[in-house]
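Following are the structures in question.
One chain, subunit A, links the two complexes that follow: it is found with subunit B in the first and with subunit C in the second.
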Partner chain A sequence: MLDASIADSTIVLALPRGRILRDVMPLVKRAGIEPEAAFDDPKTRKLLFDTNDPNVKIVRVRSFDVATFVAFGAAQLGVAGNDVLMEFDYPEVYAPLDLGIGKCRMSVAEPAAMVASDDPSRWSHVRVATKYPSITRKHFAARGVQAECIELSGAMELAPNLGLCRRIVDLVETGSTLKANGLVEVEHIADITSRLAVNRAALKTRPDEMGAWIERFREAIEDVSDADAA
Partner chain B sequence: MTGPTERALLPNGLNDTLMPDAAIEADMEARLVATFAAFGYERVKPPLAEFEETLTDGPGGAVAPNMFRLMDPVSQRMMGLRPDITPQIARIATTRLAKAPRPLRLSYAGPVLQLKGSQLRPEREVTQVGIELIGAPTLAADAEVMVAVAEALAAIGVAQPSFDLSLPRLVPLMCAGMELDAATTASVRAALDRKDAGALQALTALTDERRLTFSTLQRATGTADAALAALGKVFLPPVAKQHVRDLGEAVRLVREQVPNLAMTIDPVEFRGFEYQTGISFTIFAKGMAGELGRGGRYVLGNGESATGATLFMEQLVQAAGPQERPRLLYLPFGTNAIERRKLHAAGWRTRAGLESERDAKAAAKAQSCTHILSGGQAQPL
Partner chain C sequence: MLDASIADSTIVLALPRGRILRDVMPLVKRAGIEPEAAFDDPKTRKLLFDTNDPNVKIVRVRSFDVATFVAFGAAQLGVAGNDVLMEFDYPEVYAPLDLGIGKCRMSVAEPAAMVASDDPSRWSHVRVATKYPSITRKHFAARGVQAECIELSGAMELAPNLGLCRRIVDLVETGSTLKANGLVEVEHIADITSRLAVNRAALKTRPDEMGAWIERFREAIEDVSDADAA
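Entry: the complex of A and B
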């Protein structure tokens, strides 16, 4: 059974921990949601936070878990990068808004020394270290290459140097980590931004409420971009 | 595979349904079929397996990838285990019942087996209960199917179902009107089905104006009235406009009969409607993560038009919530048959002692009875 404090009228908003959280909070606040003080306390043990709206609660989870919470309806709303949404490809998650934050790209990278001698058109099989095995397999399969993925959850850039594999698929923001490890981007897979994720059944059974929240986030983005322009 | 624990293990997605759930499910199934019968739908019972070609013909093409196949040693042809009953009903209607008067109203109930479950419903064996209304290409027929389903759901105690109406042909019609190629059309449909605004924006094959049209269309979802009003403002080719007008009329016809039914409209969704050609619907309920059922208009192999609906029993049991435990009366050893028959006639369920008890009450409790027969009277325990 669900926690008794989560009523039918509650909206749970799942936010990703880490780098995106800093960018997303101004939008959340502009949409009219102010979390309780404990939310900003790094020492808190709380996982579920109250807000100024008695019907809205916030959970802070790993970015990959945001998609899962929203897909299974544990959270009605969430903020997740399209890297995470593409990787899971959950049919129960809608992404009706591009929040325009957390901009980066997903790329294939390999050691600089290898680039000159490598002819990608001859590949039939590649071994790749990545956090995104599903996207990686699809990307290579589309050009007839079988990708064997070594799943890592961080420090991907180490893999080529330590001989784990020669290529990686990862997010690239400025490219400085790649450079520091002697890697170069050889292919661009997708542009990444954070999206507002919405649970499908919630949108269908609570259309007015969920529709209103989507509109509030839409206005929040427009406010922010207007402020940027000015 | 010898120990008792290993013997309990079932393949993924297959479950034993125990008491009281099995009885609840059977009882609900009977009530659904009875409501459909009240609307004049007659029950048919196709087989569990049939030749692959007939199962995947016409509307069955969409479910073919999810079908278990096996070789029939008798005919040496491939057979399929049905992943969906609708194609079987379509086959019956166009063959054995080809000469039956139209409109033809049929109902069915039975298990289907799928290669893979979905994310929210990992079960591979699902019980489907449904109806098909064949040979009546009218909005009144679409409305009748939705009304019958809504009333059947009410009969089994599903509170607050919500019907999400969709037009699976709308987006392809618009794409055809814009003369988009197949690949772009597929990308547009996929982006709209997931309501993925970012993916839509990234479609550089579209002009800004067209992107805006599609994104306005995507936003025209919500409660029926709001969505119809929003759809009225989207620029649509004439055929698409007619679809939207029909949708509005169908909503009106359903409301006439079931005024309180929650209805939403999502003009762009098409998942699960691979063979539908007209107004289609998905049934949700508050607090339920998955779909309770779906239906819509489609075309049979012989070109006839039909509207159908399928409900998923396991979901309905969950949506109807916990059921009251039926009363069970303990008959101490030696209770005579005449008395038992009287109790049965009065609606009691009984469980009889098979040897003389030292403590009849304790024996009754051990048998999970709620009452005990004592001095000719049913006493609560």
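Entry: the complex of A and C
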């Protein structure tokens, strides 16, 4: 038996698992989408959920996979950080809205003990542990530095202490994880927030419907901004 | 303040996070390594742990990252599935021991509804969702089939139902997840178990010490086999 059946008229919304979901759900609900009860059951093994709208399903996947689901049309809509969107740089993904949540930054960090004697303007080659090899290579190539990337999916902040490499490119929110590992930020690469991601083919073939969804998310964000301003 | 200081004499053991850890820890303990209490605290944010042996630290990372930590010498020892070892195929990693845990298989699966009309021997090009693009391409290339891989880190079993692609390559343990998603296995790629992974440079520069650790893990496995046989 399948988790749910998918018709041509279905809109699949891909949402990221993990901490960011807490910030995403109020927006999704203000846009009029209420997932079935199983969505809030921490023990569920379901990945695809019904909602109050018979035409809308939610799929909950890793944040990196959100972009791929949307790019290949497995989801028509998604919520993904611009870190993920920049890393894949899928031409099939249109990101019309900054949702203003999941704020953090992408930075280059290195051991505090190195900083005094290290001049980034003199780098010609760097070895970097990161989840973002494509962004990292582009960032350094733009100023003529060749970056050798060691791809890790997590625990980047351990890499310098364990001798994997001296520098990392990672997301930084408060900076407390870096600090706890004796690291400091030495370059800022980008500011990160979550975006609404839209499959371009769906937007072309179902413009009214997809346009209406974008509008509902836009209003959902404005509701928050208004509440913040009041 | 750092999580722990790393001396040249330290042995770092990289262990995979998640479900497999339950099966790994009894072996690690029989090999004489007892992690500090924080290791069992589900709320800890620590990644690097002290043990009863002042020369041994444990780092807990994603299974894919275990291979990278060992290959680059950030860990001298690790536990990783041969799925991960095959995918990366790092020449710097030596895998002398099958630990006999984490048993599953890697398979090609497709919708049950397709099977009757689908003849794998006539494929010339397949589009496959997988976490293992390198293994997948090699598997298909060996019989002249070109595989276009869509890389996902999870939720592969959703891909056929959502129209991402019709086939997936994934790990299968009991088969219940495939079944729940209307998929069936059509090809077996490899049998998977966890292996002891050893950094080759460490084995060359510290042969007695590393050799002794391999021996301790070998004895730890034999203890289990003896208990099973009794």
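Basically, the second predicted complex is superposed on the first by the 226 of 230 C-alpha atoms of A that agree within 3 Å, B and C clash if a C-alpha of one lies under 4 Å from a C-alpha of the other, contacts with A are read in each partner's own complex, and residues count from 1 in each chain.
Definition applied: a residue touches a chain if its C-beta (ideal position, glycine included) is under 8 Å from a C-beta of that chain, and two chains touch if they have at least 3 such contacts.
For clarity, every value in this text was computed on a predicted model and none was experimentally measured.
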Partner chain(s) touched by A:72 [first = subunit B, second = subunit C, both, neither]: both
First (subunit B), second (subunit C), both or neither touched by A:9: neither
Touched partner set for A:180, first subunit B, second subunit C, both or neither: second
Partner chain in contact with A:117 - subunit B first, subunit C second, else both or neither: neither
Contacts of A:163 with subunit B and subunit C, given as first, second, both or neither: second
Partner touching more residues of subunit A, whether subunit B or subunit C: C
Partner chain(s) touched by A:61 [first = subunit B, second = subunit C, both, neither]: second
Which superposed partner A:153 touches (first subunit B, second subunit C, both, neither): second
Interface residues of subunit A shared between complexes with subunit B and subunit C: 72-73
List of subunit A residues in touch with subunit B within their complex: 8, 71-73, 82, 85, 90-98, 191, 193, 195, 198-199, 201, 203-208, 211
Parts of subunit B lying in touch with subunit A, wherever the complex brings them together: 118-120, 160, 162, 164, 194-199, 201-202, 218-219, 221-223, 226, 262, 264, 266, 271, 282, 284-291
Interfacial residue positions of subunit C with respect to subunit A in the complex: 1-3, 6, 12, 45, 47-48, 59, 61-62, 64-65, 68-69, 72-75, 150-155, 157-159, 161-165, 177, 180-182
